[in-house]
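First comes the structure, then the notes that go with it.
By letter and in written order, the chains are A, B and C; residue numbering begins at 1 in each of them.
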Amino acid sequence: MKKLLGSMLVAGMALSMFTGMTAYADDYDLTFYCIDTTDPDFDTWLQTVEEGTGLKINVVAAPTDSDTRQQKVTTILSTGDTSVDVLFVNDEMISSFKNTGWLEPIQDTVLTEDIRGEYAQGYIEHMVTSVDGDIVALPSYTGYLAFWVNQKFLDEAGIEEIVTKEDFEKYLAAVSKDGKYGYGGSWEKTYVFNEIGSFVNMFGGDYFDWTNPGNKEAMQFLHDMAANGYTPLDQLADKYEQMTPKCTDETYGSWFMWGIGGDYKAAGMLSPDQIHMQMIPDLDGDGNRTIYTDSWSYVLNKASENKEAAIKFMQFMTTEEGMKANFECFDRMPPRKDLLDNIVPDGHDAKEMYARFANECYVTGRPMVPQAMEFITDMGTLFQSMIKDEVTVDEMCEKAQELVVKYTE
Amino acid sequence: MSNINRKKWIPWVMVLPVLLIRLFTTVYPIGMTFRNSLFSIKLLSGINKFVGMRNYVDVFKDDKVIASLTFTVIFVFFSMFFHIILGIGLALILNMKFKGRRFLRTIVLIPWAMPSVVIGIAARWAFNNDYGLINDLIRRFVPTFNYSWLIHTSSARFAVIAMDLWKDLPFFAILILSGMQFISFEIYEAARVDGANGFQSFCRITLPLIAKHVATLCIPFTIWRMTSFDIVYSMTSGGPGEDTSLIAYRISMEAFTNLNVGYASCLAVMLFIVMAIFSFLNIRVSRRFSE
Amino acid sequence: MTKYKVYRACKFMGKWILVLMVAFVILFPIFWIFISSITPETELFTKPINYLPLHPTLASYKYLIENVGLFRKIGNTLIIVGSTIVFSTVFCLMAAYGFARFRSKGISLAFGFIIVTMLIPEIVTARPLYEFMRKVKLYDTYLGLIILYISSVIPFTVLVLKNFVTEIPISLEEAAAIDGATFLQRFFMVVLPLMRPAVATVCIINFISSLNNFFTPLYYSNNIQVLSVSIVMIPLKDNNYGLPWDLISAMGWIILLPIIIFVAIFEQQIMDGIMAGGVKA
């Protein structure tokens, strides 16, 4: 026993020699906080970027889990921590941070007027511009919340494309039997707002104005879908991970989803005869189509001590070279519509649809407020009560309006 | 106390390293937490002003907090209740003499050793209607069984408590088991000679001798139940609605996601007071046991 | 006589049924997590569940080992967790003895303080502590992390060990004192050997909980990466939201493996301690 203790103490003392060691990033030009470090192509990406900018970049791996990441990022930015210069953040974070003054404005240095028009206007205006008119984030890619369908079911129902409300109802009725559902989604309380918003858009409503009749129609439609068995109640507990297998094993006939279908491709289901994207239906018939876009963006920490290097880095990300690296290494579609042709080869699964979305739809960011997660969660919980018939559709619209007022004041 | 240790400075030397480390890492943060609870600090709106007791008053009007408190009470009560009963039971099983005993003792720690994040996500899947473990097993007996556990309040709560027990019980049992090792075999032998059977020797010998140990263990374990949120976080995100949201989960949401630092500190202080009262009572009770 | 034999047989069977039930409840979900980690992504979720994967593959493990930088992380983890175990065990043993044998007002207060600090969830103290660590320049350092790790295991360890020390009758130490043993000799030769099962148990527990602690290294350092943090760094799926279960389950097992090995080794220590006999009444 004594011997064991003795040797442990010696080992401990040897280890304590390490205690002075730190991993300072002194000889780097820039510290970048990002979630892609575990991607197999990350090293290639980093090399391309370092060569293209001439900078030495220290990369700190960020958690991919959103709540964990939230804890760290909010602390870094709110305490004026200088250890990180550029961060890679998602929409929820940008909408929370944009008015706080923690992010350095980039409209004069990075997202200059000449290229600004090539990015999705709705997104730039609503998502990354602060209340003072400063642009504080640079989108790194374009993602759309597209409408996906299963061609096999369309053929069986004899429908070419779901455009009108009648088409959709016909499709729902035709598919929903024997354990299958015409529509499926993720109705977990922090995920469902994506769909609430998409349906509100399809009916010509306004997420921030629940007195709009389109909103009520949309909610009634969703409620009736669930009540008629066209969509399952189980999905109240589903996030995207639980939803995807139900798409690939053909339980669902249609749904909304981000991305370009990587999961469906892996399951061998992505093709014009099976699962594919479709243009957003026009359920209110007014000819206008709105689609949600999301992106992860680069933001510059206001407390950063390496702003010049950071701006150089971000400028590189607005060029064709930078976007190409993102596309080739991470499969992310470029955010600038003028460069779509140069970067994405023809025949790429999503190229055609993405070009159509950019040109035929009003592209906007999802409805977010500074207290982003609180608003999202409250809306989600309210929606869940409506679906479970704990409140009526009218009551939901009233309460939703109260929430909007509460969070946008 | 005996008088063999007369030098007054000995205890302080023994205790100092632990005390210093703990002081270093807790005095400032805990102090700041108490101070912050009297302020309204909303980082996202840039508010930072003194509001006195207003946070404390707001707590009682907050539905989400009340919902969390309700479930926290239910959770702590049921979980600890089963911890004690099943824990002692499991410890007895592990104490029995049989061939695979060492193997069982090793594997029993695995649920506790698995990272909570993995267990939480696994649990979310396990209770899923279509692809989950639980329903799959049930369907082997009742083929048309369909139930989505996590969308109904009572079954979701049941699932959370069950997962907590599954993960934590072995740990509790192993600690009770360690305590049992101090009971010498001779006492049991003597009792057997006197004609006592297994059940009687359990009630009259084992139980009283481990009672104090169990009572002591209840303090940290109950505290951990009250401050637990890992499982909820990955398994249900507090859902459906706020029905499986535990108070610690609520606090971390307020502190980090909503960035209402002042309010979160206030909730933490209130939780602290509750736990302090509880621990005090618990220590009293375990002191009574040792008499 | 035969009645007794039947009784014995039933008791034996009863024992085994219980044991098997316990083993099943514990192992079955673990088993599912394991087969998830060796199932290819597209075959993961089926109805009914395939308990034996159709095409087992080590692709998930391979991916993690290649892309998550495991070796550097394991190195850091060993340094930090190793130091934590060594120092915390030593310090807490000392403190447990101090708290158990001496009952002055100051000492009791100190003990109360240690317990009380357990009552605030670490989430809440994180922000102020973060600023504090930055101020004293211990942020993102090995020393800083080790101090935080040790601090987090102190309350529980001290509580458990103190309890064990009080079980050891003071008469043993008094007898040794009469024989002329000094304080140090009493501590090392009388008290410590009797504490073996407790120390071994506490070491295993602290090892496991330190290994699984991902909030501390995540929050209080940037560039020092440990194994547990990888759990929250698994790359997202194509839609940038989904968590790949095949990878997460594999990661869980990668973290679990050292624990199983560690426990298997130290199990021997506990058994030795018990075989050496409990405290003679």
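Throughout what follows, contacts are C-beta pairs under 8 Å (C-beta built on N, C-alpha and C of every residue); 3 or more make two chains touch, one makes a residue touch a chain.
All values reported here derive from a predicted model rather than from experimental measurement.
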{"item": "Pairwise touch network: line, ring, star, complete, or other", "value": "complete"}
{"item": "Contact pairs, highest-scoring chain pair", "value": "B-C"}
{"item": "Gap in Å, rounded to a whole number, between the CA centres of chain B and chain A", "value": "36"}
{"item": "Chain B and chain C: spacing of chain centres that average the CA atoms, whole Å", "value": "15"}
{"item": "Chain A, residues touching no fewer than two other chains", "value": "65, 71, 245"}
{"item": "Chain B residues counted as touching two or more neighbouring chains", "value": "117, 125, 130-131, 256"}
{"item": "Multi-chain contact residues (two or more partners), chain C", "value": "45-47, 126-127, 214, 232, 243, 245"}
{"item": "Of chain B, residues touching chain C in the complex", "value": "1-2, 4-5, 7-8, 10-15, 17-19, 21-26, 28-33, 36, 90, 93, 96, 98, 100, 102, 104-118, 121-122, 125-126, 130-131, 133, 136, 139, 166, 170-171, 174-175, 178, 181-187, 213, 216-217, 219-220, 223, 227, 229, 248, 251-252, 255-256, 261, 264-265, 268, 271-272, 275-276, 279"}
{"item": "Contact footprint of chain A on chain B as seen in their complex", "value": "43-46, 117, 124-125, 128-131, 148, 150-151, 233, 236-237, 239-242, 253, 256-259"}
{"item": "Chain C residues within the chain B interface of the complex", "value": "15-16, 18-19, 22-23, 25-30, 32-33, 36, 45-49, 91-92, 94-95, 97-99, 101-104, 106-107, 110, 113-121, 123-129, 132, 147-148, 150-151, 154-156, 158-160, 163-164, 167, 170, 173-174, 177, 183, 186, 197-198, 201, 204-205, 208, 211-212, 214, 228, 231-232, 243, 245, 248-249, 251-252, 255-256, 259-260, 263-264, 267, 271, 273-274, 277-281"}
{"item": "Partner chain A, residues of chain C touching it in the complex", "value": "41-42, 44-47, 63, 66-68, 79, 82-83, 86-87, 90, 126-127, 130-131, 134, 139-143, 146, 188, 192-193, 196, 214-215, 218-219, 222-225, 229, 232-245"}
{"item": "Chain B-touching residues of chain A, taken from the complex the two chains share", "value": "65, 67, 70-71, 74, 78, 96-97, 99-101, 188-190, 233-234, 236-238, 242, 245-246, 251, 370-371, 373-374, 381, 384-385"}
